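Two complexes come next, and they have one chain in common, chain A, joined by chain B in the first and chain C in the second.
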Partner chain A sequence: MVEEKRILVVGGGISGISAAVDAAEVGYDVTLIEKNPHLGGRVAQLNKYFPKLCPPNCGLEINFRRIKNNPRIKIYTLAEVEKISGSEGDFDVTVKLNPRYVNENCTACRACVEVCPIERPNEFNFGMDKTKAVYLPQDFAFPLRYVIDDKLCKKAECAKCVEACTYNAIDLNMKVQSLSLKVGSIVWATGWKPYDAAKIDNLGFGKYQNVITNMMLERLAAQNGPTNGKILRPSDGREVSRVAFVQCAGSRDENHLPYCSYVCCLASIKQASYIREQYPDAQVIIFYIDIRTPGRYEKVYLKAQKDEKIKFIKGKVAKIEEDPATKDLTVTAEDTLSAQKIHEKFDLVVLATGMAPTTREWKIPANVSYDVDGFITSSPEIGGMYAVGCALKPLDVYSSIQSSTAAALKAIQSLVRR
Partner chain B sequence: MADATVIKPDLDFVKGIIASGGESLKKCYQCATCSVVCNVTPDNKPFPRKEMVWAQWGLKEKFIGNPDVWLCHQCNDCTVYCPRGAKPGEVLGAIRKQSIQQYSAPGFMTRLVNNKKFVPILFLFPAVLFAIVLSAAGTFHIPGGEIVFSKFFSVHLIDPIFAAAFFFGIGVGILGITKFWRDMCQACRNDSIPSGVTTGDLKGSIIETIKEILSHNKFKDCVVSRDRYLAHFLVFYSFIALGITTALAVFYLYILKIESPYSLITPLKLIGNIGAIALFVGINLMVINRFKNAGKVGIGSYFDWLLIFIIYVIVVSGILSELTRLADIAGLAYPIYFIHLVFVFSLFLYLPYSKLAHLFYRTTAICYAKYSKRQ
Partner chain C sequence: MEKKIGVYICTDCEIGSSLDIDKLTKVAIKQKASVVKTHPSLCQKEGVEFIKRDMAQEGVNAVIIAACSSRVNYDVFNLGIPLVERVNLREGVVWTHTPNDEDTQMMAEDYIRMGILKMQKMEAPEPYKVENLSKNVLVVGGGLAGITAANEAAKAGYDVFLIEKNDSLGGWMTKIYKQAPTKPPYTDMEEPFINNLIKEIQQNPKIKIYTSSLIEKIEGSPGIYDVTVKQNGNLETFRAGAIVEAAGTVPYDATKIIHLGFGKYPNVVTNYMMEDMTLKGTIVRPSDGKPVKSVAFIQCAGQRDENHLPYCSATCCVESLKQAKYIRLQDPDSKAYIFYRDMRTPGHYEYFYKSMQNDAGVFLTKGDVIGITEDENKNLAIEVENTLLGEKIRVNADLVVLATGMVPVTALGEEILPPGVKPGDEFIPYVMIETDILNLVYRQGGEVPVLVNGYPDSNFICFPYETRRTGIYAAGSVRAPMDISSTIIDATGAALKAIQCIELTARGEALHPRVGDISYVDIFMQKCTQCKRCTEECPFGAINEDEKANPLYNPTRCRRCAICMGACPERIMSFKNYSVDMIGNMVKNIEVPEEEEEKPRAIVFVCENDAYPALDMAGLHRLSYNPFIRVVPLRCIGSMNLVWVADALSKGIDGILLLGCQYGEDYQCHMATGSHLAKIRLSKVAETLDRLKLESGRVQMTQVSISEYHKIPQILDEFMEKLKGFGPNPYKGF
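The block that comes next holds the complex of A and B.
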C-alpha cells in the first residue's frame, strides 16, 4: 500500500489551526507550518473577542490541547514554503526551517533571559516594549519554548545563555534546514497584517506618539501586554480619559485599502466597551463613515449606543494635530448630520486600521490567483489548494473558522477523490 | 411621515455636471474627508461635501445663490485625499460652469462657448467680422513699407470694435453678479444656504475682498497645488499690467495724439512687454501644474483648457507680432497680428461665458461671504 498523502496547512493562526484540527480529527494526517516561532497568529494578540468580550486565549488553549492530543498533526514553527510542484493529490513541497537555536529540552525557566545582554523591540507588542535577544514569543506561546533572534544575537562571541542554561537546551550552531513534503492538498491560511498606518499621512501615526492603531490598543489592554492591561498613553504613561476612534483608517480608501475590512467597526465598539469598563469616567467618541455591524452584531452596536459616554459622530477624521507641549491631539472631522466641522481634543487616538492580506506583499511560490487587493481567490488556479480565513477576504474569527472547516473537507476530498 | 420631504431631482442638472468634468460625481459616499482637508472652507456648513450630495441628487435649487461653490479655489486637496476618487474639486468646477450658464445671459452662450463642437465658430466669427471690416476699409492686404500695424487694421477701427466687445462682456458680467447677489441674499433669508447676518458692512467687505484678491493669500492655503499661487499671481498681475498698457495707449492716442508704433522705452511699451513676459511664464506654469497633478486630479475639462488656449494664443501671437515687426518680416507680422486680434476680441466677447467669468462670480461670492460673515 502506498504511503497515505498528507494535508499541508500553511499558517498557524486560528484559521490554519482550525483546518488542521478538523482534518486530523476525522483521521487524516496534517502538517501545519507557521513562519513565527509560535502558533496563534493575530488572535493571540487580541485582548478580547467580540461579541462576548471573552479572552481569545481560552479558545486557543482548547485548540492547542487538541493538537497535542492528536498524533496525526505535525507542527513546524519558523517554517516557510519555498517551492511547490505537482498537482492535486500529488504535490511536492519544499519547506525552509529557520533555526530556533533552542531545542526540546527548554523548560522556559528564563535563566537565559537573565544573562542575555541584547535587547530587541517586541514585535508581538508592536514595538511598545522590548525583549532580550533570547525570548519567549509570548506568555501563552505554543510550543512553550524560547527562541533566539539571530539578527541580533552575537552567538559564539557572547554565548552567556548557553552557560546559563542547565538543561542543555541552547544550540547556537543550528542551521537552516530543508524539509521535503509529499502532500495531496494545501490549505493557505496565510492571514493578514495590519495596514501600515504611517502611510495615511494626514492621521499622524508614527509622528504623534498618542496616535496608535487598534491592534496596538489590544496589546495595551491585554493582561500579558506591555502595560499589564493598563491603557496608558504612550507619551507620558497617563491613564486615558478621552479617546477617539478613527474608523476606516486606510480602509474603504482607494489610496490605501479600497475594501471594507469588515471587523474594524465591531473592534472599535468592543474596545470602547472595555475602555469604559476599565475607566468608568472615560469618554469615547467613534468617528465613522457608516457603522457596519453585519448580521447579529447589530446588537453590539445598539448596546454601545445606550452608553452615554460613548458618542458616535458620522464623519471621517481627516486631520489630526498634536499640541507639542501636552501631546494631546486635536481631531478634525465634519459632523455630517449637523454639517459642522468640529475640532475635538483627546488624549489618545486609536486608528481603526484595516486588514491587508499577507499575500499583498508576499506571493505564494505557485500559480495561485489573487484578486486586485491581493487576497487569494476562492478558486485558486491549481486544484487541491484552498484559501481560508483572512487569506481569502477580511473576516471575523467566527467566519474564519467556518471557512476552515469547509476547506478541511475540500482538502480531504483532494486526497481521496479518484 | 407627515413631515416627509419630497426630493425633486433635476436629472439634466446632474447630467450637465457629469458632462462637463464632473463624471466622478457619483462615486462620493459622503465621508467628509474633503470638507476636513480643505483649508479654505468655513467650519459652519463647510463645502464641498454638502455640494457633492446636492449634486448627486440633482438638487439644483440648492445651488441658486450658493456662494460656496465660488469660495472653492480648486486647490484639489479634497480630490487628492478623496478615498473614492470622486474628485470634489473637479465636480465643484463643473458646478461653477453651470452657475455661469445660469447667471451670464443669454444662457445658450455659455453652452456655445463651452461645447467643443462650436470651437471653429467661436474664432471664425471675429475673423470673418474683421475680414469684412478691413475689406470695406480697403486695407485687407499686407501693406508695403515700414511695418505699422495701424496701416493694416487702423486703431480707429480697432477701438470701437474692441470697446464694444469689452463693454458687452463687462455688462453681461455685471448683470450676472447683480442677479447672483440678489439670489444669495434671498437664499440666506430662506436659510437654505449657510450664511450669517445679511446686514453686514458692504464697503468694508469690498475693501477686504480686494485686499484678499491682490494678496492672493487664499492660494497659499492650498497644500497639494501650492504651485498655483505663483502661476495665478503672474497671470493676474500681467492682466493688470496689460490693462494699464491699454489705458495708456488710449491716453497716448486720444489725449497726447501720438500714433503707434511707440518707442520700446516709453512706459507704455515697458509695462506692456513686462506684462507679456509675465503672462507667458504664468500661463506656461499653469499648463505645467495641470500635468503635474494629472495622476490624481486629471488634467481638467474642456472648460479649463479653452481659457488656457485663448490666453496662450494671445500671449504667443502678441509677442511674435512684436518680434516679427521689429525684425521687419511683413509677411509674418501682419497675419500673426490678425490672429492676435481675433483672440483678444474672443477673450473680451466670451468673458462672461468662459472660465474667465470667475473674475465676476468668485469676487462677488468672496465679498458676500465677508458681508454675511460666513465662517
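The block that comes next holds the complex of A and C.
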C-alpha cells in the first residue's frame, strides 16, 4: 500500500484529531494514526472538562462527525510508526498496523462478548473493572468496532466468538500489516501518560487501595466508568465522606517530574465538585503548594473557595498511612501558613499525579530532540515535524488544541514550500 | 430530474426478528416510495451493492436506508448522491423497545413514514459560490500576535494586509529588555526576537503593512470583506477573505491601585515601567535617580481582585521572577523580594522559579501586602501578613514594583446590550463593547461580541477559535492573558483558521460546527413582515437589515444552524434540505391512535449534536424507553419553529418535549444561543395552548448532555407520566 503525499498526524487524542481535522478542512489530505483501537485519547477518559464542567464526548462527537464527513482524512487505529526517512516535504514512513481480529463487518452486536470465556483488566478504566478478551474499547468508541486482545485471546484454540458472529466479522488469522506512506510533514500528537504514582513512596499508591490517582477518579465519576458514575471507595465500595486531594503528587519534585503539570490544580478543584455533587455532606481538603489557575480559570478557584466544604491547605503531604482494619487513611502534612502539623483521617485520597510525555519512554524513530523530561523540542536537521499538545509541554485541553491548529498551518507550510 | 425514492429496510441486528417487516414495507409503498426492498444485511458489501444496483438499473436517486443510526456506517452508506436519508430502526427502535410488540411496530412504521415524507420535501443543495472572492487575510494589530499571524499566513502562500495603529510595529515586545526562558534548560533569559520578526515581514512581498492606520469600516462577509483603512487621513479600500483580530492589551490603570502607593510614592512603579527602565539602561529610583539596591515585587496588584481585575493575567509571576533577575544581575549585592499569593509558574517555568529560589539574593514568600509607607528619603517599607514565616513582616526597599495585569483593548469601550435587553436579564444574547477596532458593518454591532471580562475568547474548550463572528479570529493577549510562546501558537492557529475559513467559503461549505454543509438559507421575501426576529436572533450576526428592516442575508457568515428558521413567524427561512414545511409535514403525519386505544403520542425534538447521540448511546446500552414518543432530530434545538407545536397539538399529539443543550453562563449549545432561544420560544407557547384550551405542561424542554444517556429513559417516562395526568389531547381524531 502506498499513498499520495499528505500530512501525517501521529496520535488520535484531542490534539491529533484537532490537527488532522483543521488541516483537512483547509483542503489537504491527512492520515491520522492511533495506536489504540479507538480515537479520543486521554480526554475520552475524562468525565468532565474544567472550567465549564461539560462532557468531553460532546466535542469529540463533533470532531468525529467532521472526520466522518471529510474524505480527505484517513484514519488507522492500532497503528504505530515504525520507520521514518527523508526530510521536510518528502518523508517515507512505515506504519505497523496491528491486527484487530475484527473486520469492518462488525455491527457492534455483542454476540461475541457473550461467548468469550476470557477476561482482561480494562485499561480504559485503569484496571478497576474487566472486559472480555473481545471488547468494545469504550461506549463512545470511534470507530464503533470491537477488538480482540492479542495477548490474552487463545485464538484458534477457542474461537467461540468466530462461531457466534453471524457477520463473519472475526478473523483470528489477521496478521500485522505494514503501510507505507509518503508524507510532506508530520505532526506529533503523541500525548501523555499519567505519572506512575507507585513511584512516589510516601503516598502509598499501589499499597493502599483507597489511595487513587486523579485519572482514576475521572473514571469513577464517569457514567461509562467501572461504577456507573458513582464515586465509591475501591476497598469496600462504600460511599465517601472525607476526601483529600494531594497536589503536585510527583510534580514539581526533582525526584519525579521537576516541572509543573499545569492542569492538576484545576483538575482537583473540578473533581472536588464531583464529590460535592454526589455527596452534599462530604468534606474535601486540597493540600497544595500553589494554586495555579491562570487567566479566567481564576473564577473556578474563587467558586471553590466559597464552598465551605472545600478546604485549601497550603502544605506538602509528608506521608499517608492506612488503618489496616478500616482501610481509612491518615494524611500527615504541614500547614505552611500556620506552621502546624496536620494529621487528618480520610476515606479516600486522590493523588493529583502529573503528566509525563509519552516520549519520556518511547522515542520517535527519527532525528528529533527532546528536553530532559522527554518533551519534544525540535527536529532541527530534517524539519517538517511539529509537536503538539502534551508532546510539547504540559497543557490543558484548550491550549493543546490551539497548538494543534497552529501545527496544522506549519504542516501545510511544509507542503507548500516544496 | 425527478426524484425516485428507494426505501431499503435492513433486517439485521434484530430488526427483522423484532418487527413485522412486511407491514413496514406496506407502509413505505403506501407512502409512495417508488422502490421498497428488504435486505438481510445492508451494511455488508452485498447490501450496498444491492442498493447501488437499483440506483444504476432502476434510476433510484433518493435513498432511504432503514437500518442503524446515521452515526454509524456513515462511510458504508456514502453512495455518492446527495439525497440519502437514514431511518434509525436499530438504536432508535428495536434496541430500545420490546420486540414484536404492537407499539414498537407502530413506532417503526411512523419512522419509515416520516423518513419518506422528509425525503419528498428534500432537495439537493447546491453550494453557494461567492463572486470575486478574496483569499487575502486581514490582520488587525502589529504586535507579536499580529506579526506572527501575518508571517505564518504568508508562509502558507496567502497575501496579507497588516494594520497597525501606531507608527511602528512590534507592540509591547519592543518594550521589553529580555524574555523569560522558553528553551531547555528553561532557566536562561532570552534576547527578544521581535526585531528580526519585524524585518522578516517587512521584506515579505506578500505582506502589505499599514502603520499609523485605523480601520474605518469593514463591510461584507467572509470571502468578500471590503475593508476601508484610514492612514494619515487617506482612505483606502481593499478586499479580504478573513480577519485575525490581534489588537492586544493595555496595562491595567495603576492609578486605581492607590492602596499600594502608586501615584503617591514616586518609587512605586509598575512592572511595565520596570521593563522600560531596564531597557533604557540602569534600574534607578525615580525619586532621586540612585541605582536600586533592593526591590520588592508585589504580585497580583489589582488582579485576582473583585474590585479590579477579577482574573489572573497569567504572566506576571514569571515576569517578576525575570525582573528580579534583572536587578540581581545589575548588582550582585542587591536584594529582590517577591510577595505572591500563589506562585504561578506552570509547565517548564517551574525550572526558572527553582533557579530563582536557589539565588540567595531573592526572597520569595506567599503573603498579603497590607500596606506600604514612605520615609523622608522616599524609602519604602512594605508590611506583609500571612507569610510562610508565620508572622507579620516588614521589609524595606528602594523600589516597589507592582505586578499589574493586562486589559484587552476590546474591553475599552461602552458595553452595549442588544435592543430590548437589560443587564441582569435571564437571557442576554451577546455583549458588545463598541471599541472602534474593527468597525464591522453588522446589524448586531461593530465588534466581535465579548465573552468574559471584555475578552472575545471562545466559550468552547474543544474549539478555542470559535467566535460569534464567522471568519474573524481573535489571537494573542486580546483573546486571553497569555505569555509569548502561547501568543505565537495562538496567532499561528488563528492564521490557520482564517485560511480555513477562506478555503471553505471558496468551496461554498459551512464552517464549524456544520463543516462541509453546502445548504444555505433561501428567504421567501414576499411574505416577510420585517419583524426583525431573524436579524436579532442569529447568533453569528449573519443577517443585516436594510432601512425598511428587510433581512439582508450573508450566506458566508451563516453557520447553517437554522435558528432563523425557528425564529421566523412567517416560515420564510428555508434550506433546500431542511425547512419548516419538511419537519411540519413529518410531524403532521405521525399516526395518532384513537383516544380509546390509550396509546398517547409525544414528539421529542432533539438536538442532533448532543441529545441524538445520547439517545443512540441509550440504544447501544439496550436501555429501554417509552414507545409512545417519536424522535425528530433538529440541526439545533433553536431551529424549532413554534408552528410545529401547533401542528402537532392540533393533530392530537399529546405533548412535545425538547431535548436541548445546556444554556446559560456555561452554555454547551454549539450554536451559542440556540437552546436558550428554544426555551424562550417555548415560554411564549402558552398563548397557543390557551387558544387550543390545552395545558401548558404539554410542551416542555429539558437540558441533556451527550453523556447523560442513562437519564434518557427516565426523562421520557416522567414526561409521559405527566401527559397521562393531563389526559388525552382532545383534538385526537380531528
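Assume the second predicted complex is superposed on the first by the 409 of 418 C-alpha atoms of A that agree within 3 Å, B and C clash if a C-alpha of one lies under 4 Å from a C-alpha of the other, contacts with A are read in each partner's own complex, and residues count from 1 in each chain.
Everything that follows uses one rule, which is that a contact is a pair of C-beta atoms (placed from the backbone, for glycine too) under 8 Å apart; a residue touches a chain by one contact, two chains touch by 3 or more.
Given the structure is predicted, the values throughout are model-derived calculations rather than measurements.
**Q** Check whether chain B or chain C contacts more residues of chain A in the superposed model.
**A** Touched residues of chain A are more numerous for C.
**Q** Which of the two partners, first being chain B and second being chain C, lies in contact with A:255: first, second, both, or neither?
**A** first
**Q** Answer with first, second, both or neither: which of chain B and chain C does A:372 touch in the superposed model?
**A** Second partner only, chain C.
**Q** For A:410, using the defined touch cut-off, is the partner it touches chain B, chain C, both, or neither? Pick first, second, both or neither.
**A** second
**Q** Where does A:336 make contact in the superposed view: on chain B (first), on chain C (second), on both, or on neither?
**A** both
**Q** Output check: A:68 vs chain B and chain C. Expected answer is one of first, second, both, neither. What do you get?
**A** A:68 contacts chain C only, not chain B.
**Q** Given the touch rule stated above, what does A:109 touch, chain B (first), chain C (second), both, or neither?
**A** The second partner, chain C, only.
**Q** A:292 in the overlay: touching chain B, chain C, both, or neither? Say first, second, both or neither.
**A** After superposing on A, A:292 lies in contact with chain C but is clear of chain B.
**Q** Shared contact residues on chain A, chain B side and chain C side combined as an intersection?
**A** The answer is residues 252, 336, 339 of chain A.
**Q** Where on chain A is chain B touching in the complex?
**A** It comes out as residues 202, 248, 252-256, 289, 315-319, 332-334, 336, 339-343.
**Q** Give the list of chain C residues in touch with chain A in this complex.
**A** Interface residues on the chain C side: 12-14, 41, 43-44, 68, 71-72, 74-76, 152-153, 155-157, 183-186, 304, 310-314, 340, 342-351, 354, 366, 386, 388, 390, 452-453, 455, 457, 459-465, 480-482, 486, 488-490, 492-493, 495-497, 499-500, 503-504, 507, 512-513, 515-516, 609-610, 613, 617, 620-621, 662, 666, 668, 670, 705-710.
**Q** Over in the complex, which chain A residues touch chain C? Could you list them?
**A** The contact residues of chain A facing chain C are 14, 18, 22, 25-27, 47, 49, 51-63, 66, 68-70, 104-105, 107-109, 139-140, 144, 167, 222-224, 228-229, 252, 258-262, 290-299, 302, 314, 336-339, 371-372, 375, 377, 393-395, 397-399, 401-406, 408-410, 412-413, 416-417.
**Q** Which of the residues in chain B end up touching chain A in this complex?
**A** On the chain B side, the touching residues are 29-33, 35-37, 41-46, 49-50, 81, 83-85, 194.
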